[in-house]
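Read from first to last, the chains carry the letters A, B and C; within each, the first residue is number 1.
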């Protein structure tokens, strides 16, 4: 692509995210260089395994880069663009969907609205490093950029598996329904030509909350998948254990669960069975108190199962998913309408931690909603209370940009400790390696 | 004024609030200079419109700069000075009030207690830029400074309208009672010699809470002002709609409401009417649950009216006003005893947002208490979650100091993004303009 | 000690914690130097007065530096080391305890896990400044360092009183049970050869909560210590008043109280007496609501007594002590398992503040759990909302390292205000003096 004279250059700076102070910048460069090319361990992705197993070309630039990305949608929607105009199917509409080129024009027209946001940062890195663009998107270059991207997506180098290699992804964990057959994971594992690891993650939010309209359906489906009658609570637990084993056989090392609060008080067997039986009669039969008690008990059982089978337990308390019901009804989930809730962990998690907190091999990953702005995954930093963001990445192609950003942010923070003489440069480099490689491997038992 | 040899100079630095790093400072200067002289848009002031309409000289330095400023009072009171000693009429006292000179001496004696606070920062800028003082207040110069200030206040350049022009205020929104006749606003709008815009804001907190002792009086007064019987809830809503229209006819573009929590669950018409009728019998007849339900429904109605008439809806949930009742009883409100409360927004606002959140033209400005330390008004920053403070300004004469501080803080933040290569300098300047002019104009429909 | 060729040097940098920017660093040095050698006022220590009164040599390096320090234990435990392996007696174990040398080896083996933490920072300063070590602990030098430390502890310069002088401690407040005879305090006060001040602090958490299993025992013991029958609530209040007087006679200027929440609603005399009588029958007789109401009333009484007798009232709401019950049962309290709770202060403290908040001489020190990560004590900073940490110090020998860290952090913060022209250098130095000396003296009435 040749740049027109009026275009604004797109050229991510090699020192971006580092402090301006020359001493701190020099250290940050050293720390960053030590881990810049380390393989990517992505223990908390949202990529579909079939995408990689099938290795089909991506359809078009907009359906890859705009429509499925809830960060991008949220910012555009907040600036007045309808979700239907961005390619999300509108269940209350006439079924028509704009073509990719129109969507790209809308993105370009609102490019200034992204200024200074992490979304713009990721997007710029992605467009430049992965796709070789050298101009900021604009109304003038929207057609040319769209054509360039669309052409690249037809080439072998932009097939999912090729990108997986190019990005140096070593491990990618997907998020999967408890009834999933994991056929794509099995195909990848059996394929000698594919050298990465794509692991399933057991995500069964719906089974926790018997007041959900889909709870009965989910409970029945899990029973069918496991070949175990889930008409009793004991049956449900047995079916869940069976499905977890199935996931482990397919490489899973972790579960992932979102709950409204972190309550974990266990119930007696009798109480659990009673609520389970009542809930199977339908949501109308259930009191709110019983539904909450059931949910809290299930969180306790989750930890109990993790101690038994060794799956790492990831927990996201305090996120209201799909907060705006009319938008959910029109456009479905994952349109950028998840909001954090104020929540407490100390007291709610106590029953669970008292029972299992010091059990050998029990790993609990707490991902609090209020720290998870933009759905980042938070690890505790070895150097203090500062959370270290590890980006989720609904889209394979933004994975390297998000990991690179995290490595840069870590390098800048570690450099600030070095120049204020709280950490030696050697310890900073060692800590960066631990953050990028050792800690995710150990935490997720990879 | 000549400086004595022992005086400490008062000389606000041209680079104040900018980072020390030379590269960052250079960028901050550029960004700041681009907006330093932009007209002031003050959509959330607390100035009395009659002050400007009447254009009478200010009485004396203390009653302008100390007694009405709840930030200043709070700091002095926290350092042991009685509110009665600062000119607040004491309802339990003998009615005597210290003269302005005495109050100024008290301020000077405690000047060191302000060191490093935003209040000192504002005060220094104000005393230097508006009043030309060149020494820090002290016991030694208190009389001389008081005389200097008092003399200035008698001159035409220090009349309210002259200051309005000097400060380059383009729009000033006041806060007004729903029964206000807005005569001063009308006079200003009709006066060809006055070129600024002074707009009323509809603030009707008392009508939300039927457990307040003044609720019945307020409901009746609104009915009288509107010429509509408010004996029914339907009547009250009609009267409120009429008063909002009256405000719109006088230039209002916004309402402003403080509520203890952000609950917004609507009630049926029957339930609303029942509670309304009960509440009119007096607070004793009302259960707490009914009072809360009524309040939450009214918040829902408020959004409904905003969708109808287009008034921007500002909401301050979670502030306990006049927290210390004995002080309220002795000295009245606005003495610096408003405290933030821990609150949630995500779930409480859901009914309102689900009903009206995507209605065209509906603007909701959330001003959470915990971010509003010192009663600053918070706008979402285009560059992230960092709140951008836009100071409230109970006092006209501190308006330029507070807006200047905000512009400097924004310039410093944008410069930090530029030197860490997250934003180009051009985008930083453009963003500064948006923050200072475009966003307030668009948000408040000016 | 001679350094081996592979050892990593232990050499705390004279500019540590200061910003890298040369201008800010120069100012920080100036501010720090002005207070670096100021006497230590430690109003909130956890040292046992008998330790100083008896002046016996410390037993061995591990039982001084590792086993009693809950920060060190927490980090080692989080990295997989059992508390029993660190010298904490295990009530469910066989009674064997590792010797100090083994414990020191475990610390050395995990030294890298401390990188970048405040614990490492304190530990390095302590080992270097107090004990003269010049190498980072490691497996290679563990025996040599242990021998060096053990030998030093046998010398007169490392007796508690000698260290008290070396550290320039002017005032040290201990934390004491309401029934304590304070004999050690009396001995120190009567000893003309000891020139420091060691003051008791009245800490009676157990008396607040009648649902605690030890409440009846505590109430009876306080009655016995005071010679007053505590079978009635009036009797308990009289006994508490008597014990507070006893503490005041022994030099106390403050109480310290940890409560789960800050509720302070008073009860009628009749209600208090009724709950008190019920509670004396045993926890089973008591409803949870009554227990909470009793606790809230007691907080109100605490403030009432402070207004009467002038003791400063320190309050720690919102900390769950010994969160992990199995660990508490095996290893006792203070092993690093205190967790902060989300809490509100504004509304809960209102009754107390309305009754006593403006009483002359009433000092309330609020130490919120969420700001007290790592159990630091928080004072409000004169320059804003930034909390100024004053470290608690369970261990006498880490006192200077923690105060030095606080003085450096304050100097760095004040320097940042100076270089951004928000504070003059003279005001920064004056403010540093206030933080280190004047404010603790005034706050704690020393």
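Everything below uses one rule, namely that a residue touches a chain if its C-beta (ideal position, glycine included) is under 8 Å from a C-beta of that chain, and two chains touch if they have at least 3 such contacts.
This one's a predicted model, so the numbers in the text were calculated from it and none came from an experiment.
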Chain copies touching (chain B, chain C) - same or different residues, decided at half shared:
different
Report, in degrees rounded to the nearest 5, the angle of the rotation taking chain A onto chain C when the C-alpha atoms are fitted.
120
Centre-of-Cα separation between chain C and chain B, whole angstrom:
41
Where in chain C do residues touch at least two different other chains?
19, 21, 342
Footprint of chain A on chain C - complex, ascending:
8, 12-13, 15-21, 112-113, 115-118, 121, 320, 323-327, 339-342, 373, 412
Per the touch rule, the chain A residues reaching chain C in their complex are 19, 21, 23-24, 342-344, 346-347, 350, 353-354, 357-358, 381-385, 414, 416-417, 419-424, 426-427, 430-431
